[in-house]
Amino acid sequence: MTNEDHEALFESLLNGSLPDDEGRFGPFGGRYVPETLMPAIDRLTAGVHRYLPDAQFQQELQSELKSWVGRPTALTHAPRLSDRWGAEVWFKREDLAHTGAHKINNTIGQALLAKALGAQRIVAETGAGQHGVASAAACARVGLPCTVYMGEIDVARQAPNVDRMHRLGAEVVPVTSGDRTLRSAIDEAIRDWVSDPKGNYYLLGSAIGPHPYPYLVRELQAVIGREARTQLLERTGLPDAAFACVGGGSNAIGLFHGFLADRSTALFGVEAGGRGVELGQNSATLASGRPGVLHGTHTMLLYDDDGQIQETHSVSAGLDYPGVGPEHALLQLVGRVEYVTASDDEALAALDECCSLEGILPALESAHALAGAKQWAAANRGKRILVGMSGRGDKDMPILADYPVNRSKGSVDAAA
Amino acid sequence: MTNEDHEALFESLLNGSLPDDEGRFGPFGGRYVPETLMPAIDRLTAGVHRYLPDAQFQQELQSELKSWVGRPTALTHAPRLSDRWGAEVWFKREDLAHTGAHKINNTIGQALLAKALGAQRIVAETGAGQHGVASAAACARVGLPCTVYMGEIDVARQAPNVDRMHRLGAEVVPVTSGDRTLRSAIDEAIRDWVSDPKGNYYLLGSAIGPHPYPYLVRELQAVIGREARTQLLERTGLPDAAFACVGGGSNAIGLFHGFLADRSTALFGVEAGGRGVELGQNSATLASGRPGVLHGTHTMLLYDDDGQIQETHSVSAGLDYPGVGPEHALLQLVGRVEYVTASDDEALAALDECCSLEGILPALESAHALAGAKQWAAANRGKRILVGMSGRGDKDMPILADYPVNRSKGSVDAAA
Amino acid sequence: MLPRDQLSDALKLEGRPSLVAFFTAGYPDRDTFLDVLKEVCSAADAVEIGVPFTDPMADGVTVQRSSQVALENGVSLGWIFDQLAGRDFELPAPVLLMSYLNPLYAFGFEDLAERALETGVSGFIVPDLPYEESGPLKQALDAKGLALVQLVTPATPKERLAKLCSVSEGFVYAVTRTGITGSSEGLPNDVSDYLAAVKSASSLPVCAGFGVREQEQVRRIAEHADGVIVGSALLEALEAGRSPREFLESLRP
Amino acid sequence: MLPRDQLSDALKLEGRPSLVAFFTAGYPDRDTFLDVLKEVCSAADAVEIGVPFTDPMADGVTVQRSSQVALENGVSLGWIFDQLAGRDFELPAPVLLMSYLNPLYAFGFEDLAERALETGVSGFIVPDLPYEESGPLKQALDAKGLALVQLVTPATPKERLAKLCSVSEGFVYAVTRTGITGSSEGLPNDVSDYLAAVKSASSLPVCAGFGVREQEQVRRIAEHADGVIVGSALLEALEAGRSPREFLESLRP
């Protein structure tokens, strides 16, 4: 494709003609699902087009976002981190949203939609557990039973979230097949969905999967960027750069959408660089993957020469996924967003820096966005930077136990 | 005292002449501290009078409350709980504040004050760990080192919060003396404070302790009631009754202060009824205590005939304290607030009900307020009720593990 | 005759239902692949060779297990083609490949069609490729006369059923129940109506599968459809060390 | 003479520093309380009997430990009065009670003064009762001529120091360092200036305490003050099974 083709694609995205009726974001997207699900996908697509623009639905959604989720979430200036980095750093605080991450924006929206569509039961997958908790909470709020599939490795490393899901009344099913993380949990959730595509509503947790999910989730998460832009304009001005971590890509797409048309704002998606660049050591799909088809969508993926999906690694369960939302694949292709990586160690260091300088404990996922921003700030002095703080780190305490705080990085020395 | 005396005292409280210069709320309050601390107390009192009304200080505080803490916190209508209770139930969502409870309103205010006063180091105590986490976060934010004393029983039952404090750069000192809960932690924090009253700032976590703490903490927490009142008037109207849990009494005093002058709003403080009415089985200070002096203030206390402070019990660490803020003692005396109790079991049931019907996991402390409201609603049909949701229950997962969810209470059956 | 026509001919039998047998390539052992294939081919009217995939989202535990073992055994699409190319026997029944899309996509659709034709493969079944997304693959297969089999399900609306039946090649794969492969719940009560509807919409043979394990089920299906597809039950027979031929023959009414 | 005046007389000695000894009532054993009291009384110029309290917030580990053991031994303010009332010996030195406020408050201030007078107690030291809050207790004690001893500390501003010295009774308790009882860090370097300032503000005897453990410290304090107060070190001697008299005498220069 030529540069003009890319520009035309990007324009189509901006003016809303993408995704098209087939759910394509240019070459990416689509609906690669078992035939059994096609009628459900069609019903869902019709439901999305009917309810998302509906005044009454929007009123209900906005009311839940404001009064139950706690939106708008704060925009926080980070003065001490700014000093340290030589930048003007701002956080968009999804960690303050109900249940502790941006995931709730999506789950309450989809739970209301499921209710409108007459679903009897919600099925969801979860990696870090944040989407599981957010699903359990939203289902309780609207009064639908909820089953959450979670890889057994994630069940172990995100134990606090498992307990929270139980408490919120959800059934949590540990998945022992496949790689026993998010990817297998999605496989399993789809299997459950297929068993009763009419009664079940599959509440997908990121901007991935078959159309209309990438579109639906993006629309529900776009509130992040919309709010952040308004708040920044009120308090300072447009950012020079904005950073968000990219697992499936829902918080990132939500943040980016607020700024897509602001060409002066450079956009960066930060993927999990894990332990290194070798296949299997990271989850850096866009940075090192290739196009393929997984979980219903044509997108960038990590797979081997035989087409087999690769096991991935990240210290952060929420980024530990070999695929990515198709819209990100497009944004990379057309060059509007640059996708970079932060390693496990860089993310951990950024987490501790944020704790000790700003008194905010970010999720390990969000710490990747911080680490990416820090790298960029070092090469671009004095810029205004927005970081998507997609969630809080409470859920990560069991993992962090393996990485004791370096005391010398504490706030005392840090002030020096 | 006669009814007129009570009315006069209440009027003095309303018009701001209480606490008086000696820090008295009528017969309660004062400054019962070792002589070594008197100059520090005097400096602090002067600092409170200088900075709290100061425009620049207030601007800084309001900015932190808005952009770092995430205020205003949401006011949530609870439709399914309302149906169940036959009432119109609203929650004031301090659980959505940064670090997960109302405690942060106080710690960021005091941390800014400590900085203004030139303190070198912050000392704090904690029970449930929420105040410790909030202190650690606020200290990191303003750049002061922080030491938190915590009873070793609480260290065990609120483990997630201990890890969070460490991560936020605070030193956590387990207290092995006395009853090894909040009360001994306060003793120990005071001992630390005494060792360098000039360099140390004691960041007390509730509306207790010597003057000016009960006043200072109340002023910093009054934002809860102020916001709630405005939000209720915007959305529905004044409540018929408002409920808050009472440990030391900071969230309660903050909530109540918004409505003290609204005589049509009945106010209820809910104490921990624990396992029963016998001394040692509960922490229901106002419901079953008598006047005495502890931790620097003259207030209602639980002690035996020899004046020895009693060990208390509550399933909720944050309510497990044998004293209470002196202003509550006054509000009880003059009859403006009624103090009731909720047992461990009632609080646990209310917690699960709130989880499964509203998708909100309250702190065990806050669950007492819910339980109190539920009791009242049963006897007063169709009323508008405000419940102070002082914090989120994530920190309580280790304790809740001993109380499995009663599955039959889940959202499925609950809908029936 | 084009491979896809040979396939439909093989499945439209007079007087008895045809039997389509599915097994995962290289399962339980890699070395016995051709032996198993030979034996299954001799007992079935058509054979689906499963290409293992890491994320078999439409499959139940049996196929998942076989897929995982095959992958551990080093089975890949390329290896399967090599095996087929190197065999020293004729295939008495047409052979299809059943694969999720990504291994095919990674292979490249042009190369795929080429290699399939060379090695005697008649067509493909791709469980995560609905008709709407099938354009590029279908184009490559069509160029070689290979079948791309469409699936229909009890949830498929009437119009869509007509459409899918009209574009399918080789046969129409009628999924008997919503859900994943390997169910042991038996056939739904309304399976007759459903199969009759598929049959009347299709000019190709209709073969019904998902959860077929017993002769009695084959008999019921045969009342309305041209054939049955047996997968998980065959894999379980292989696991139990039973002769595949014997097992398959035991199903025939 | 009023009890409080007897107390100040006992502490203003010519030629040698006076020694005020503190120990917790009923520690280490309840049964030996009067024996210990008798012996301490015979070696010291005044004795502070510690009333145990659950929350001794101004005290270090030694006093905390003794307080807790005494409580476990069943010691209370009432029991202490009963013991004093039932003793069969004269008290060769004045006796004070050192107590946190709540046990006194629970006893009732009127009853407290009455009972103190009856049982030969000269006064009170209340570590959590600053002068500003002392009105009700002071009034009750004054009525019986009993002392309420004020404490001053190195952190006390000049004006306040003057005020506290002028309202103290019996003696002025000069705390040598900020912090809690039982420190083992020795005396601060500027202790001389501090004690000189207290001394010049006071017409009553000035006794200095907090962390006094050695003869050498007593010597230094005696240069400016009238006496020293020894607490934690005496408790530790008791714990070690040493004779309290012998220990106290070893401190005298």
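As written, the chains take the letters A, B, C and D, and residue 1 is the first residue of each chain.
By our rule, contacts are C-beta pairs under 8 Å (C-beta built on N, C-alpha and C of every residue); 3 or more make two chains touch, one makes a residue touch a chain.
Everything numeric here is computed off the predicted structure, so don't read it as measured data.
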Chain of greatest Cα-centre distance to chain B: C
Inter-centroid spacing, chain C versus chain A (mean Cα positions, whole Å): 37
For chain C paired with chain D, centre-to-centre distance based on mean C-alpha positions, whole Å: 96
Topology of the chain contact graph, where touching chains are joined (line, ring, star, complete, other): line
Touching pairs - complete list by chain label: A-B, A-C, B-D
Complex contact set, residues of chain D against chain B: 53-61, 64, 68, 71, 76-78, 100-107, 127-130, 132-133, 150-153, 155-157, 160, 164, 175, 178-180
Residue numbers on chain B that touch chain A, as the complex places them: 66-70, 73-77, 80, 93, 96-98, 100, 136-141, 143-146, 160, 163-164, 166-169, 352, 355-361, 393-394, 397, 400-401, 405, 410-412, 414-415
Touching residues on chain A, where the partner in the complex is chain C: 22, 30-36, 38-40, 177-179, 183-184, 186-187, 190-191, 194-198, 292-296, 298, 301, 303, 305-309
